[in-house]
């Protein structure tokens, strides 16, 4: 599932930035206590159950510090892990491994946290229907590419990646224009591109459907209101999305309405880190 | 409380990076629907109770998009807010404001989330004793400076900012050396600088205290074990810190042991975003 | 027509980069000959007819060198100019203006060249039908955001901004899969997002239409073949796009087929610069 | 001919920037459809006759995406190609190759376009005399180093690389000073460095020659006027350069005047891309 | 002595920056005269006695230009060298070596200069007592990480790496507050972290000691005044540091006072470069 | 004398980098002790006699931290100062001023050190003859633009700014080629550009003169040998430059030979910092 990985360009720069944060100006003061030539072997192990994401970034952290560190990855992004599952094995110069450890884990735990929360929402929604869970633009600044990949690793999909990808008309954009005119204007300016309309109530949803939007975002509606919109739509177009106040408790009820997509900002703005740690043995350099 | 703000250099680059993520290559497709010259006024409003942080970044997001946007901030970082509290007022070209909105909020909600969780831990600890809450290096990659400032805004303190700031000797660093030798070596190499030792059990803590560490980190101990270490220390030196498994439920018990500092990784790796939104009125350009 | 401007973030970094190219390490050796305090006034004037684009970048070039340079822009991006049309007036310290001049013009002439060629294609297509001209990913490395805005300034539209924006299935991606399966897979993985299929012959186009693609790219077909695809499609969906070998001579014939969109790589990879120059008067500093 | 390559530092950063443009945030949506492990082999083939340039950048594009992609280059920068000439062979993971393809080609086609147009001017000038063709500072922002190398690949030479390299006195710089004084001032301030003077008419050229300039730029003169200046100069110094309105049609006439150098802004601001493409076979991963 | 090396992240970016300075836009004009395929072997040789530092940066300079250059390092950072000592051997493509040579040497000579001056101060101080020499924040902008490592290579220690690492209260910070209050405030805000106080006279030093500072900086005192402060302190805490006007002539007298640390800004702001050169043999490519 | 300033682009990035070094991640811990709203006034004062350089960078340091800091500069780059001369006055928020102080001074003291040493060499040379002092490529990595401007501020000139600016043929480049052939090749490849040849002995110098070099670098010759070369040259061309082992003691003797230029690596690699300090008064915020 290669589409669960972020672009390597984004990984490289995010890791380089994070290493600077943790190392400059003086480097790892404590690692300098290790005897020259000391080696280490270790295992990245899950301490909570969840879904792994962040492999590319974790490997990159070790390798940017020292290409002599070898990392064998045992489970790819998107795999479920239990307490005690070994995710990867690491081997090489001890000082390099302890220096890179925290940065590697910061990526791995955060991104696995995103994947894990996504999986929980996906599972909860599946109990109610076929709706897909997807993310929002409420991502952590600087990490959008990595977090959106982690959502995919968790089984979710990606809403637009930026303001530049598709049109999403909200009340504020109308400024007196009708929805139909807004959709028509957007189509003319941005042909071939997804045009989505946010609707706060049934009448707006109906207007957006009539206007030929590709997606209608039903915002802050009850499951009952959503069901009414679904029924009103008739066939499979446009796709209907719900957002606003989705929780693990209510997502199944929303999925049961027959809606197509459920957007959950919490996937990226409120996912607790997944607990993974590095169990390490430092050995003499003759090992 | 100016020390609750991150360095402006870190703010500028983090915001610039985030705006690139959200705008390139085509810009805000939807904002382009707004009539030329449209103006807007809005209020950044809390939708959940908590503690605000991220003011500099939020302002920077608007101003980097358009210096004509005016932001009047009503409550500074570190202030508590209730549902409905207006945090700031924003005024200026409508297209600029809606374009910068999400980036500004992503910083504000994330950092306020960190400040809010910190405040909750601080309050919980206060119920038990005088121990201070502080953070760890388990920060979101690329945002360490901003998150550590948010911890201060929430009333917490900052553990070391990087591997480069002070020495923290863990088991892996000893590699056969005794704790006393490690502390002496560290002091020789890094004079004047904090030397901390991690201890997993009472005997190690005693050894670290005897070695003259400035800080001893009591890792994964029960409150009872911690209390024993506190009693054993006698006077006020070294400072004793606990870490490992701190929760809002048990932090008071740890504070009650008389320990000095309680480190909580969750402050920065698992804080849910605080819900703040921008209530906006788009007006004609003659407004 | 604010959507004819690129995001300011992209403008700032592109201009900063260009100024470094032209100035470091020693600065403008020749400008240093000017008497201290010398002032200048000048006009950016078109020396060929065309369409202007690049205003933000040109202004940015002057202002990054010296905020004391004042630029009054007379015609916005997207405006047609004749030989002799004054595009902007510039005023300020003479050394600053001559130092920034070439960088400002390099942006302005290149981007206006893109806008001008776009307008020519748009006009030629209009003679044949209602098809829109749009661009491709064949942009100059490092200038995609600016060039795509210039295409809009010229009256064209923007095809996908990057590989990350929408799905475009070509032969190489099928690897044994049928078109229908590819479209279905793409829809499942990237819901809500444009899915386009490239077709080299009528049968493929028919297959892509049947598969429910949003866009079908008719590649290297004759106008006759395109007309057959248009007829076969029936209603307005999917949008049909032609590409491959479009020229100012044949674009009208393609537009006449009733196709919706015509992609022209040349807009960004082969547009000659539009000739604009700065007519400058250097005056004594008491002016 | 290693001097036909740009510095590797410039190549690396230009390619990294271009890949970010095309891949972030979500990566190549379509490549993700390929079966895991799929391999591909391909050939970069010329579809128009011309001169190749951009090898370093094209290789860098593939390798930055995936070091497992192997590129065997068959003709170096500066070589002429015919329709059908294979420029390089590419082999490796299919997804990596299709993801990097457009970026590699954008560099290769643009830079080969520059080299090709240069060669055409060189050939045209050769028909008239021994004058060398060289470029200007009218380069595409951000690509100066790469474009100036492409000019060399095409057989041209490089005029000054930036405002920082040598002195070029134009009317605007004089501000009342005589040419003789300007040259003397420049020599004093910037000893050992080329001092060039722009002359719009014969009398100025004579003045510049008398002033001891190293180079005199004869701007917007007819071949007859140029010939007069050449005759007036006598011996081989200073070098005489013509600029302004050079075309493939008139360049021979200018070369025939005996002038030393002919500067052509069009080499870098108006060269159409050379058409090269990647013919690719995607194979099963067992291939 | 791995702690004599700077973090590799800082080395990589400093070297990349330096190579851009020396190579762009046109590359090494002169190296292009070398015959294609020419190889070279050379030795980095000390031409003055001193202490070497900068190995990582020097290697990085060659390798960033061309990974085919092999560098065998014979003496590590911190080693003393005599006139004629070979520090490293270099082998590979001649053009690559001469192109990277100056950048490699600029790092090596500057950083070895810092290490050498540090060693001289260390040796001079040792003649008087056990005081350690350490550096200041008076570093060359952009090179702090590398210079502080060079100080360690010379046998010195590192004062705080930045304003962010520890508290140093000077007169200007007091603004009416007493020293005791300042120390207490600093401790409360920045627990666990070094708190240092600058004292200009005995009474202030006594106040700072009483306030419980970790370090007291005795600024611009005579050896006699320093000795009085040392005597007054009694036991080993706080550490006492002297600064202001330290020279190779007087440092021994200061060390003899029993003070713990002597800070010398000159280590990083006024160290002359150590003279090292590259003796090179260019050979035919069949060598 | 505006040519004594470096390009503002180089200043901006060098200052931004230096501030990051000194402030991230936590900011100025000590400045946070100042009462909110405290103001300060101060004077940048010379504590040693010398020549000032670095004005743009010093101002930039204050303004990047806080645009509310006002800096009035009293003497421009290139001015001589005595002990006690006030160079500039600074006024604004106290915390901002103390935070930026060290960075501003690091630039100012280093660059003034370069200007001061340059002036000393210029003065010493003037005692012997009319030879100009100029610099080399032996600059501090990352600061070339600023240091070369400081050399100009000190009255020196700038040798080539990079390997990309002109050709300098050394023994290693010849690889069997004669000097005449090398010069001719260089002229053909890089027309209009300075071609310089290094000569270690009289016969080589004669060969280089005969070859028509623009500059001949007489390396490591005695004044007597240099005088012989000068005599041999006859007229004013080529320019003759000496290098190798120039000191304040011997430079006059070299100048007396009639040589044109004297290159001194020490100007940029071994200039001690000029001592300047900030005398500051922190006042209440009502001041």
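Assorted remarks:
Just so it is clear, A, B, C, D, E and F label the chains in written order, and each chain counts residues from 1 on its own.
Methods note: a contact is a pair of C-beta atoms (placed from the backbone, for glycine too) under 8 Å apart; a residue touches a chain by one contact, two chains touch by 3 or more.
On a predicted model such as this, the values are computed, not experimentally measured, just so you know.
Shared numbers divided by all numbers used gives the overlap of an interface; between chain D and chain F this overlap exceeds half, so the copies present the same residues.
Contact tally for B-C versus E-F: the pair with more C-beta pairs in contact is E-F. One finds 22 Å separating the Cα centroids of chain C and chain D. Rounded to a whole number, the gap between the C-alpha centres of chain A and chain F is 50 angstrom.
Contacts with at least two other chains are made by residues 3, 7, 21, 23-29, 31-32, 34, 144-145, 158, 161-162, 164-166, 189-190, 193 of chain B. Across the interface of their complex, chain D is touched by residues 14-15, 17-18, 21-35, 38, 40, 57, 94, 98-99, 102-103, 105-107, 109-110, 113, 137-145, 162-170, 172-173, 175-177, 182, 185-186, 189-190, 193, 265-266, 269-270, 272-273, 280, 282, 284 of chain C. Those residues of chain E whose C-beta lies close enough to touch chain A in the complex are 1-3, 5-10, 144-145, 148-149, 158, 161-162. Those residues of chain B whose C-beta lies close enough to touch chain E in the complex are 3, 7, 132, 134, 152, 157-161, 164-166, 189-194, 196, 214-215, 239, 241, 260-261.
Chain E makes touch with chain D in their complex at residues 16, 19-20, 23-29, 31-32, 34, 36, 64-66, 95.
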